[in-house]
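Got a structure for you, written out below as structure tokens; questions coming shortly.
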Amino acid sequence: MKVTLNRFSLHGCTNGATTNRAVFLQKLKNISTFVFDVDGVLTDGNILVNETGEALRQFNIKDGYALQLAVKKGYNICIISGGKGKAMEKRFAGLGITDVFLEAGDKTILFKTYLKEKGISSDQVLYMGDDIPDLEVMKLAGIAACPADAVPEIKAVSMYVSPYTGGRTAVRDIIEKVLRAQEQWFDRRPDAADSGK
Amino acid sequence: MKVTLNRFSLHGCTNGATTNRAVFLQKLKNISTFVFDVDGVLTDGNILVNETGEALRQFNIKDGYALQLAVKKGYNICIISGGKGKAMEKRFAGLGITDVFLEAGDKTILFKTYLKEKGISSDQVLYMGDDIPDLEVMKLAGIAACPADAVPEIKAVSMYVSPYTGGRTAVRDIIEKVLRAQEQWFDRRPDAADSGK
Amino acid sequence: MKVTLNRFSLHGCTNGATTNRAVFLQKLKNISTFVFDVDGVLTDGNILVNETGEALRQFNIKDGYALQLAVKKGYNICIISGGKGKAMEKRFAGLGITDVFLEAGDKTILFKTYLKEKGISSDQVLYMGDDIPDLEVMKLAGIAACPADAVPEIKAVSMYVSPYTGGRTAVRDIIEKVLRAQEQWFDRRPDAADSGK
Amino acid sequence: MKVTLNRFSLHGCTNGATTNRAVFLQKLKNISTFVFDVDGVLTDGNILVNETGEALRQFNIKDGYALQLAVKKGYNICIISGGKGKAMEKRFAGLGITDVFLEAGDKTILFKTYLKEKGISSDQVLYMGDDIPDLEVMKLAGIAACPADAVPEIKAVSMYVSPYTGGRTAVRDIIEKVLRAQEQWFDRRPDAADSGK
């Protein structure tokens, strides 16, 4: 596990890796809500454009497993994307995710409204984004996280940079970290019978 | 060839690599049946979701060659997946695989039923999985194996971790190992005329 | 940032890296117009051929973000490709790109005509290509650039070889370099409110 | 350029790299005909299976450029594949390739018949394959070549192992080598006007 703690963190951490790591682990325990961007986070950032102009995306099954588990455990999963498409809607519905905001204009306004309606405070929220449209809104989240291939501007405001890239289990990685910190990941007892299916 | 032998093996092996390798090679000779998960094993774990919500998967032709050869040589090939879709059914039918269980709920029950109906003992079975839904059932197989990019929990119970990733010839690799151990791989005599087509 | 400056540059630079870099940075300030090849530049050079023979391409969302920003800032974006297809047309239209020339025969003639009609001089133009059909026309541009996986012939005439490959943010990289040189990239002031959405 | 010359070559070469390389370069000059397998050679060996069971393949544009050039220069291009599909037929037709044999059973018989009908001797033929169905037939060709990710059995009989993998310009690489050896590659004079479009 590689925990990359950023020197320019906006979260008041000192530069010491030990201190920051302790802060990060503490913050993980507060999270009740995940907000995910789609392109570059839940996908590798590529779209396959078909003859009708529809953009098809690749999703990762290991990410899907973690998302389903988080839903089952009662976490809020919120998707905010500037993109659109029936395919995305179907994928998220299939995973049991209901808070899906596509064709999002200003992500910050959406984010604030969502928290207000849900009655969630910002320190309960982990936001994973990868590119500039996520930059301002990420600063508002309790934990800002990003995939290994996020742009430098996003890494600069992220408390946690996953060793995994977008669409290649970065989402699985961060969900697992939160659920483990809260002893909600399936294998809190290695030999337990809860197989997680 | 990289044989990764796990220190926490459930198979009664000692920690010595030599002993374990000998045990592994001996176990390979017992295998008559392969059980494969689909996503992350026969594929790279990504699905391309189209406008109708159908998940399209990429399969590997080198894996396909080995699967066809194993079928022809009389091995049982069993596919167990939580996924579904016409595309998967067509792919496996095209390879001559008849024991295909999609939309699987509890893989352990399915596995036990399958062995009972076929009259196979567990030490005859090699199971390759990659993620938590495979964890409990893999413990029941004579050989538990996984691709290089399986999750840590699966690697921890696998006797063999392939150097190849899912959908990128991990399946070919393990089939070849079994068939070679049993002198059923095409090139038991390097210059033989059986070209394997 | 890796700036690869070619010893055989056609642009009159000396071999000294410092001098060349200074020349390169100066030239970046002149650019008002980007010309992009499609296959291998805006894509990874692979096409997925479907049953009707249509070639489907993968485009990158981070490239898309940079293209949209450049359009919004008033830069000319010109696409010249020997390929064709409704999917490409739809993708570029969706990004607000209007100067799209598909099924291009001689790229040099097209290029010259385009510059003449737009009233642009060649030193205002950055051309990014990756393969031999781009070779002659690239020599006419103020800056010739290419992705990391361009063919050697193209690298030999490129002033800038991106560290990123085609379809994997090489386009984003070069657009960002130009816009930064001209203080048009979103984060000219790191804490500014212009989130770039 | 990495030229991997195999110690167990079937072509009568001595083991000395210099001698072999000289032999290889000499053999390149005899080639008038290319035979290519599809899966794993002209593609990366993966197929995307859609709902109707059709296998869709990814082809590389840089490979396509070299194939088109070879056709234009009068070389025979012959495709032999065990696979099938309208998409493949359309792709090859689009490149001007007419000798396409899909759903091939015994590749050796097909190969011999093809040479006889065309009046070609085996030393004029370069065959690039990647897997066991190509093994016997490759031994009959003047030059046996393979992509970097061919199976070990194929590498063992290949005079040339490309540094590039299947579907990722291995085909471009070998065509370029032959055409350069015969001074037919576009840039025999670096500044020539024949842009190769």
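Letters A, B, C and D mark the chains as written, and numbering starts fresh at 1 in each.
The definition used in the following text is that contacts are C-beta pairs under 8 Å (C-beta built on N, C-alpha and C of every residue); 3 or more make two chains touch, one makes a residue touch a chain.
Predicted model, so just to flag it, every value in this text is computed and none were measured.
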{"item": "Between chain A and chain D, the fewest steps along chains that touch one another", "value": "2"}
{"item": "Cα-superposition angle relating the copies chain D and chain B, to nearest 5°", "value": "90"}
{"item": "Shared interface numbering between chain B and chain A [over half = same, under half = different]", "value": "different"}
{"item": "Farthest-lying chain, centroid of Cα atoms versus that of chain D", "value": "A"}
{"item": "Centre-to-centre distance between chain D and chain C (centres being mean Cα positions), rounded to whole Å", "value": "32"}
{"item": "Overlap residues in chain A, where contacts from two or more other chains coincide", "value": "48, 52"}
{"item": "Touch-based graph of the chains, sorted into line, ring, star, complete or other", "value": "ring"}
{"item": "Pairs of chains found to touch, sorted by chain label", "value": "A-B, A-C, B-D, C-D"}
{"item": "Residue ranges of chain C touching chain D (in the complex, touch as defined)", "value": "39-40, 45-53, 82-83, 105-108, 130-133, 135-137, 151, 153"}
{"item": "Contact footprint of chain B on chain A as seen in their complex", "value": "48, 52, 54, 56-62, 65, 85-88, 90-91, 94, 167, 186-187, 193, 195-197"}
